[in-house]
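So that we are looking at the same thing, I have put the structure below in structure tokens.
Each chain gets a letter, A, B and C, in the order it is written, and its residues are counted from 1.
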Amino acid sequence: MDWTWFHRLASPPHVYRIAGTLTPWFAWPAGLLIVAALYGGLVLAPPDYQQGDGFRIIYVHAPTAWLSVMIYTTMAVAAAIGLIWRMKVAHAAAASCAGIGAWFTAASLVTGMLWGKPMWGTYWVWDPRLTAQLILLFLYLGYMGLRAGIEDTARADRASAVLAIVGVVNVPIIRFSVDWWNSIHQAPSVMKMDRPSMPADMLVPLLLMLLGFTLYFFAVLLVRLRAEILRRERSASWLREALSA
Amino acid sequence: MLAVENLHVFRGDRHVLRALSFELAAGCCLRVTGVNGAGKTTLLRALCGLVEAEEGVLRWRGVETSRSAPGYHAELAYLGHDAPLKADLSGRENIRYAVGLRRVLDREAVSRALERVGATAFAERPVRSLSAGQRRRIAFAALWLCGATLWLLDEPNTNLDTQGQELVAGLIEEQLRAGGLVVAAVHQDLHLTAGRRMDLVIPGGR
Amino acid sequence: MNRSLPPSSWPVAGRLVLERDLRLAFRRPGQLLQPLAFFAVITLLFPLALTPELERLREVAPGVLWISALLSSLLALDFLFRDDAQDGTLEQFALSGQSLTLLLFAKTVAHWLLTGLPLAVMAPLLGVALGVPLQALPGILAALALGTATLSLVGAIGAGLTLGARRGGVLLSLLTLPLAVPILIFGARATELAIKGAGYAGPMYLLAALAVLGLTLAPLAAAAAVRIGLE
């Protein structure tokens, strides 16, 4: 099979251009969806019968928690593509994912803590979700640390790709072990958000927010990917032509 | 036997090897020269697959080496400018553990190799107590013993006295006579008196 | 020329690597004792920091033993590939025509025999100092032996990845510790149940499952990591 079209499609100049064109197509819908979901979640949705208005932080907490895992998976897939097909752009994409994912993980931790305060009177409980998020944050930090620790970009790409793949295999195992640990010690669980009985006027804004955050992630990823390509291709001739044009 | 086509290798941002092509037949020695930093070591490491080539094809016996790496590796031996020896082991032990991965050895075979390079006298001493030249001789005993068809040598004469350099020349000639191939990155002459020779000059170096 | 010598089979190659690492280690027994001494020091610091009451120490003993064992193992992991990478031995492994996965697996086994297993054997002794009843000692030994084996396998990946990195030692811990969380959870739980005199088969099965998973996947990842580190 001839793969040259594939490699041409994935060449840095091409991706740089496409990413620039695509960014607004993700950014605008993301902005609109988030504003709509905020209105729906903060104004239209009724207060929770148990948690009152405190539950509304779910509209930020749940999407960030979901994205933190999804971004790690995206990163690992991009890294695997880079490793298997030797595609530099895929490595650049994986590198761009890490920082965004770490911030989303941190955001989910902070919102989880803020939620815990009114519910349990303390900022930190060893809730299984929060604990797993914390370990995920360390996985992100390890990935970024390895990248920063290796000077040569190509080598850093490949080494961190192996780590991302090992990490993605481990994420479900870590989740399972933490749930198991929690079931033994029966620590309080604040965040039971997967109640099937959630009424539609609460659920719809949540789903909108989820979609909005996901689109926002892709928009930021494209911007960061462009920056990453610029950094990596700083001595390439296509870049000089593109900038002088 | 060994064919290199349009080889491009980068080290970081540097484009070290540009469009390198050559072909080496059985019984032939390729001398690779070039100023410091030109990429002699990089070429040797790319030839044995330790460094990824950005572009280009490497063929051994007509087959791309990336397709049959273990088979190709079993036929090549690479000696870098530092001899890969364990300081806490004796020369004999080093040879046993290094060459033993490739060939089934007995004590006598190792003794023969040690004698061939004139290392019998210090073969039982821990390598940490040996001089750089003596270590080099142990490394050559291992090289000779593993019976590889393709030798990739980085500065084979480093740290060797005149006698040692003659020994290396003798080993290379023997290898060529047996139909082997040698690629050697060198500064000085190899002092070969027999065997077919080719030269490759790597330009550049910054 | 010695093309007449027969080629080595893979079991021979694996055995040679194992033998070589054991022999090298026993040439420097001092280095061998370091992780063990470290293990003892950390464990025996806890009573000083917490309380000398054996009643209370017994409660925290599983955590103390496991955290100390984890840290001591990590300390030793840093040396798993470093020396061999520096003197060019790993390069020769990669070019030997044998499977690099196999050779590195043999090295990992040697590493476990030299650090993980002695740690597990020593743990009951330290357990006594933490007020652990005697009948719990076999359980502690078994859990730690299994757990450190998995840790060696997983740590080999980290050790390979940090070969070419600056300040590899700290980085190695940062990479490996999150991956070691399941081992810690199941291992500490098995130890806790053993100390309470309850059946600890459940968490041991989970530990064994992790070991099997590590056995099948980790050597491949470690070989990939080392190959990248050699470039």
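The definition used in the following text is that contacts are C-beta pairs under 8 Å (C-beta built on N, C-alpha and C of every residue); 3 or more make two chains touch, one makes a residue touch a chain.
No experiment lies behind these values; they were computed from the predicted model shown.
**Q** Between A-C and A-B, name the chain pair that shares the greater number of C-beta pairs in contact.
**A** Most C-beta pairs in contact, of the two: A-C.
**Q** Mean of the CA atoms for each chain, then the mean for all of them together: which chain is nearest?
**A** Central chain is C.
**Q** Please tell me the distance, in whole Å, between the geometric centres of chain B and chain C computed from their C-alpha atoms.
**A** 36
**Q** Go ahead and note the Å separation of the Cα centroids belonging to chain A and chain C.
**A** 32
**Q** Report the inter-chain centroid distance for chain A and chain B in whole angstrom, where each centroid is the mean of the CA atoms.
**A** A distance of 48 Å separates the two centres.
**Q** Chain C: which residues touch two or more other chains?
**A** Each of 231 in chain C touches at least two other chains.
**Q** Would you give the residues of chain A that are in contact with at least 2 other chains, written as numbers and ranges?
**A** Residues 151-152, 154 of chain A touch two or more partner chains.
**Q** Which parts of chain B, given as residue numbers and ranges, touch two or more other chains?
**A** 52
**Q** Going by the contact rule set out above, which residues of chain B touch chain A in the complex?
**A** 10-13, 52
**Q** Touching residues of chain C toward chain A in the complex: what are they?
**A** That would be residues 157, 161-162, 164-168, 171, 174-175, 177-179, 181-182, 185-186, 189, 206, 210, 213, 217, 221, 224-225, 228-229, 231 of chain C.
**Q** In the complex formed with chain C, which residues of chain B make contact?
**A** Listed in rising order, the residues are 48-52, 70-71, 73-78, 80, 82-89, 93, 96-98, 100-105, 109, 113, 144-147, 149, 174-175, 178, 180.
**Q** Using the touch rule from the top, collect the residues of chain A that touch chain B in their complex.
**A** Touching chain B from chain A are residues 151-154, 235.
**Q** Note which residues of chain A are touching chain C in the complex, please.
**A** So the residues of chain A in touch with chain C come to 135, 138-139, 141-142, 145-146, 149-152, 154-155, 158-159, 162-163, 165-167, 169-170, 173-174, 176-178, 180-181, 184.
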